[in-house]
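The structure follows.
Going by the order they are written in, the chains are A, B, C and D; count residues from 1 in each one.
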Amino acid sequence: MTVTRFAGVVPPIVTPLTAERTVDVASLERLVEHLLSAGVDGIFALGSSGETVFLSDEQRDRALEVIVKTASGAVPVLAGCIEPSTQRVIDRASAAVRLGVEAVVTTAPFYAIVGPHEIERHFRAVAAAVPVPVLAYDIPVCVHTKLSVGLLTRLAADGVLAGVKDSSGDDVAFRQLCLSVQQPDFGLLTGHEVVVDAMMLAGASGSVPGLGNVDPDGYVRLHRACLDGDWGRARAEQDRLTRLFRIVDAADPSTSAGATRGVGAFKTALTLLGIIESNTVSLPLRELDEVEAGRIRVELELAGLL
Amino acid sequence: MTVTRFAGVVPPIVTPLTAERTVDVASLERLVEHLLSAGVDGIFALGSSGETVFLSDEQRDRALEVIVKTASGAVPVLAGCIEPSTQRVIDRASAAVRLGVEAVVTTAPFYAIVGPHEIERHFRAVAAAVPVPVLAYDIPVCVHTKLSVGLLTRLAADGVLAGVKDSSGDDVAFRQLCLSVQQPDFGLLTGHEVVVDAMMLAGASGSVPGLGNVDPDGYVRLHRACLDGDWGRARAEQDRLTRLFRIVDAADPSTSAGATRGVGAFKTALTLLGIIESNTVSLPLRELDEVEAGRIRVELELAGLL
Amino acid sequence: MTVTRFAGVVPPIVTPLTAERTVDVASLERLVEHLLSAGVDGIFALGSSGETVFLSDEQRDRALEVIVKTASGAVPVLAGCIEPSTQRVIDRASAAVRLGVEAVVTTAPFYAIVGPHEIERHFRAVAAAVPVPVLAYDIPVCVHTKLSVGLLTRLAADGVLAGVKDSSGDDVAFRQLCLSVQQPDFGLLTGHEVVVDAMMLAGASGSVPGLGNVDPDGYVRLHRACLDGDWGRARAEQDRLTRLFRIVDAADPSTSAGATRGVGAFKTALTLLGIIESNTVSLPLRELDEVEAGRIRVELELAGLL
Amino acid sequence: MTVTRFAGVVPPIVTPLTAERTVDVASLERLVEHLLSAGVDGIFALGSSGETVFLSDEQRDRALEVIVKTASGAVPVLAGCIEPSTQRVIDRASAAVRLGVEAVVTTAPFYAIVGPHEIERHFRAVAAAVPVPVLAYDIPVCVHTKLSVGLLTRLAADGVLAGVKDSSGDDVAFRQLCLSVQQPDFGLLTGHEVVVDAMMLAGASGSVPGLGNVDPDGYVRLHRACLDGDWGRARAEQDRLTRLFRIVDAADPSTSAGATRGVGAFKTALTLLGIIESNTVSLPLRELDEVEAGRIRVELELAGLL
C-alpha cells in the first residue's frame, strides 16, 4: 500500500489499559474495528491521546502490534514517536517501522532548551534515518515551541516532511502554511476537533480528532461534507461534535487537569459505549469517577450516541 | 441610529500622523471615505492598529472627532478605550461618548496583575458607567490574559457586553463561544484578517481586519460571499487577502518587531495607494524605509491594488 | 540636592485613597513621615505599589505634590512614569519634574508588541527629553519583556540610564548585570523585598521594598547590616521580614489575585498600624475584608509591629 | 554510607561521548576524579548537564555504572531519573538503584499537560516505589511548571521528598521555601551557579553547579567560605566564577541555543583543560567549533585555569 497523501479522518487512537495497566488487547481490537467500520482514512497510534509519553517501550510495541494487525492494511497506521531527543526518536521509529507502520510522527525536541537550528537539524536527522514518511507534530502546549511556517515550508520543499499534524491552536499560522506549501501531496492535518470544518475550508487535507475515538462516524460525515463543498452540512455536523466535546469538562477541575480531563473523558465515553472495558489511565492521571461519568453519559445521549 | 448587532466588516482604522506626529486630518478624512465607499459596516477607531496606546488624550479626541464627523452617521463608529484600569477606561469612554461614538471597546486590565474576579468586576463597572454598548476586546498577545468562554458567556447573558472582538488567536475557544452565547444580537467579531472565512463559518458575525484599511473592498466581498453561503468564493477572496497580508513581513526583522511591522506596513501601503500622506508612526516604532516600502509595492501589485 | 547614586532603602510608597477614591492627603503625609522617621534614603512614588496605572493624571499629580512637599528635600523623590508608549512617558515625566522629583523611573513599552530595537529607542528618547536622571524599571511580570543585561549595560555606559529597579525575579541576570556595569554610580536597586540581603551580597546598591511601607525600620536596619558586612545580622532581619511578607497571602485566593493581594495587604496593614485611614484600593481591585485583615493583624503581631 | 543531608557542592556531571556518541569511559573516569580531588560533596549524574534526556537507557546505565564505580563510595551519587511520566521515572529509578546510587532526582511530569494534583500524585507514587531518597528537581524552563512552595513544604513534611534541586530562577520562592520547610535535614540545593553565595545566605544547603564540572575547586572554596560565614570571601570567589560562566556565551547565538551553548561550553572547556577527550554532544545539539573554543580558552585563562 502506498500512501499518496495523508488526508481524511485519522483519529489518534487511545490505548485501552487493563486494571493492571497492561495494554488491553481485546478492547484495543474492538476500538480499531469501531474506527474502521466508520470509514476512517487512517489511524494515528501513540499520539498524545494514546498516552504515548506515559507508556513503556513494551506497552508501545504491544499497542502498535495490535493496531497494525487489526487494521490489516485497510488503512495506513501512523505511529507517534515522541521522545525528547533525536536518537531516541530514531530508535522508536525503527521499532515502529519493524512493526509495520506506514509513517511516523514526531515533535521538535522537548525538555532540553533548543532553538530553530537544533529543531531543523532534528527533523532532518530523523527523516534521514527513517525509511518511511515523517510528519511533524506541532503541539506547542506540550513541546513549548511552535514550528514556524518558514521551517515547515522549507522541510516540505526539501522532501524531509510528508505532512504536519497541527495542534498549535494557531489558525493564523496554519492558514499561512496552507498557502505557503507548494507540494500538493503534503499532508495538512488539523488536530483540533472542534474546528475541523473551518480548517478544511482554510486548506487542511484532513483531521486527527481525539474525539473521533468516540464518534468516528460524525467525523467521517463531516469530512465528506467538506469534500462535497457542502459547508452548511459540515458546519451543522461540526456544531454537534463541538457540543459533544464538552465531555472534556466532565472531570472536576479542582482535582484534575489537562490529560486527565481529555484522555480520561475519551476513555470513559468509550466504556459507556461498550467499546473498551475500563477507563484506566496511566499514572499520574486519574480515572474519572461515577459522578463524572454520569456527566459524560448525558452528553453522549444529547449527541445521539447512547 | 440604533445598532442592532455588531456585524459585518468593521476595519480598525489607522491614525494617520503628520511628520510632527499630530493627527493628519486630511489623510484621516480620505481614509474614512476610502472605507465608506467600499461599503464597510462600521469603523473601529483607536484600536491596536490605531496606535491607541501610543497617543495622547488630545490626539485621540482629535482622531475620534474627525472619524465621527466624516462617517456622519453612515456607519457606526466604535471607539477603543484601552487603558490599564477601570476608572481610566471609564474616563476615556466618557470622552468618546461625548464625541458621538456608538459603542466602546475595552480590554481586561493590563500591566497590573489581576485575576478572573478583578477582570469580571472591571467589565461590570465599565458597562455600568458607560451609556453606550460595551464590547470586550480579547487580545492576550497585548493584555496577557485570555477572556474565558465562561466569563464572556456570562457577561453576554447579563447584558453587560454587547459583543467581543476576538484577537485571541484561539479558534477553539472562539468556536465554543459561538455555540455558548445564547443572545442572537451578541457581536462575534474576529480580529484575524487571514481566517475571516473560516471564522465566519464557525459562527462569527463579522470581522475587524487591520488589513481592511488597505483593501476594504476585498473584505466586503469576502463578507458578502460568507453571507451568501458561497464558501468557495469566500475562500478564494480570503486566500488573496492572506497573501496580501505578507506586507507585514516587509520590515527588516533584525531592526523591527510587532507593531512596527504591522501598523508600519498598513500605513506604508496606504501612502503607496495615495490615501494617506505619510507613513509616520508613533515612537518608539519606526517608519518603514524605501527598501521595505518596495516590498510592499510588490505585494500590492500582486493583489491587484496598484 | 544632588543625588550621586540611587542607593539605600527607597520604598515604593502606596497611595492612600479616601472612600471616594481621591488621594487621602493627610494619610499620605503621615505615611511619608513614617518613612522619613525610619531613615529611608529615598521615596519611589507612583510605582506598582503606588497603584500608578490605576490613577488618573490628576490623582498622580496630587500624590506627587504631597510627597515632594512632605519630604521637603530630606530625601530624593523618584517618580514612576509608567505608560505604554514613549510620548506618554515623556508627558508624565515633564509633569513630575515640574512637581519637583529628582528622577523618573520608566518601563519598556507595554501593551503594544515591541522588540529590542523599539525598547532601546524608547529609553533613549525618554532620557533625551527629560532633564532629570532616568532609571529603568525591569518588571516582566507586568511589562512582559525582560530588559537584557546587554541593553542595560549599554544604556548605563552611554549615560542614558542612571540606574535600574530590578523586579524581574531573575537573580541570575541581576548578578550578571552587577558585574557587567562599569559605572560605579549606576543605581542597582532590587525590587524583591524578601531577598534584599542576598541581592546586596550580589552587588545591589539598595532596595525598593513594597513591604517597606509597613516596616521601614526593618529595611533600614537590614540595609545597614549589609553595609557593615554583617551578613548574619542582615539575614536574621531579612528572615523576619520575609515572614512578615506573608501578609500578601491574607486575601482569599479564590476571590482575589496579584495586585489586590499585594497592595491590598500593604494598605490594610497600614490602617491596622494607624498610619493611613482606609484600605481603599482602585477598581477593579477590592479591599480586604475583616477576616482577611485579621490574618494580617496576626502577622504584624508576630513581627513585633503591633 | 548514610546521607544525613544533601548539602555541599554536588556538580551535575557531564557525560563525555566518543565521536560515535558512546559513553567515553576513560574521559568520564578522569572527570569523576577531577571532581573528587577538588573535594566535592556528591555527584549528580544524568541531570540536564548530563544530557540525560538525549541518552538511551543503555548510555545512561553505562554512565551511572562508571560514575558509581569511580566514586567508589567516597561521595554519594545522585541519579537524575527524568522522564515524562510516573512509571517511566520509576523504571529508571529502579535501574539506578540497582547500579548503586544513593538517591534519585526527578521532575514533575512533562510534555503531557498536568496540574497540581497530578504532580503531587506523581511524586508520592515515585517515592513509594523507590527504596532510596527522592529529591525534586524544579526546573520550569524545561518542565514548564513551577513546583509551589506549598507543595514542596508538604512533601517535605510527609517524608516524601528528601530535598529539592532548585533551578527555577525564582529566588523569591526559594527564600520562602527555606523558611517554610521545618525538616532540618531537607536538602536545599540551588542549581544556579552564578548566585550560590546569595542563595547560601538565603538558606541553601548546597549547590549543583554545572560550571562545577569546569572549576570544582572554585565551588568548593566558595562553599567553605559560606560555611565559615566569610561572605566577603564567598562573594569574591562567586564573582570570579560568575565571570567564568560567560563561557556559555561563546557559541554563536545565530546558530545555537540553550543546551548547545551550555553543555557544549562545559564540554569544550573540559577538553581544553585536558580532562575529557572530545566535546561531542548528542543530536540535535552541535559541537562548538574552533573559533568558539578560542573564546572559551580566553575565559579559562582569565579565570586562572589555563
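Some notes on this structure:
As a working rule, contacts are C-beta pairs under 8 Å (C-beta built on N, C-alpha and C of every residue); 3 or more make two chains touch, one makes a residue touch a chain.
What you see is a predicted model; the values in this text were computed from it and never measured.
Note on chain placement: the centre of chain A and the centre of chain D lie 35 Å apart, centres being C-alpha means. As a whole-number value, the distance joining the C-alpha centres of chain B and chain D reads 49 Å.
Contact with two or more other chains is made by no residue of chain D.
A ring topology is adopted by the chain contact network, closed into one cycle in which each chain touches exactly two others.
Here, these are the chain pairs in contact: A-B, A-D, B-C, C-D. Note for the complex: chain B touches chain C at residues 21, 48, 51, 53-56, 82, 84-88, 91, 109-119, 121-122, 125, 141-144, 255-260, 282-286.
Within the complex formed with chain D, the residues of chain C that make contact are 169-172, 175-176, 179, 192, 194-195, 197-199, 201-202, 229, 231-232, 234-235, 239, 242-243.
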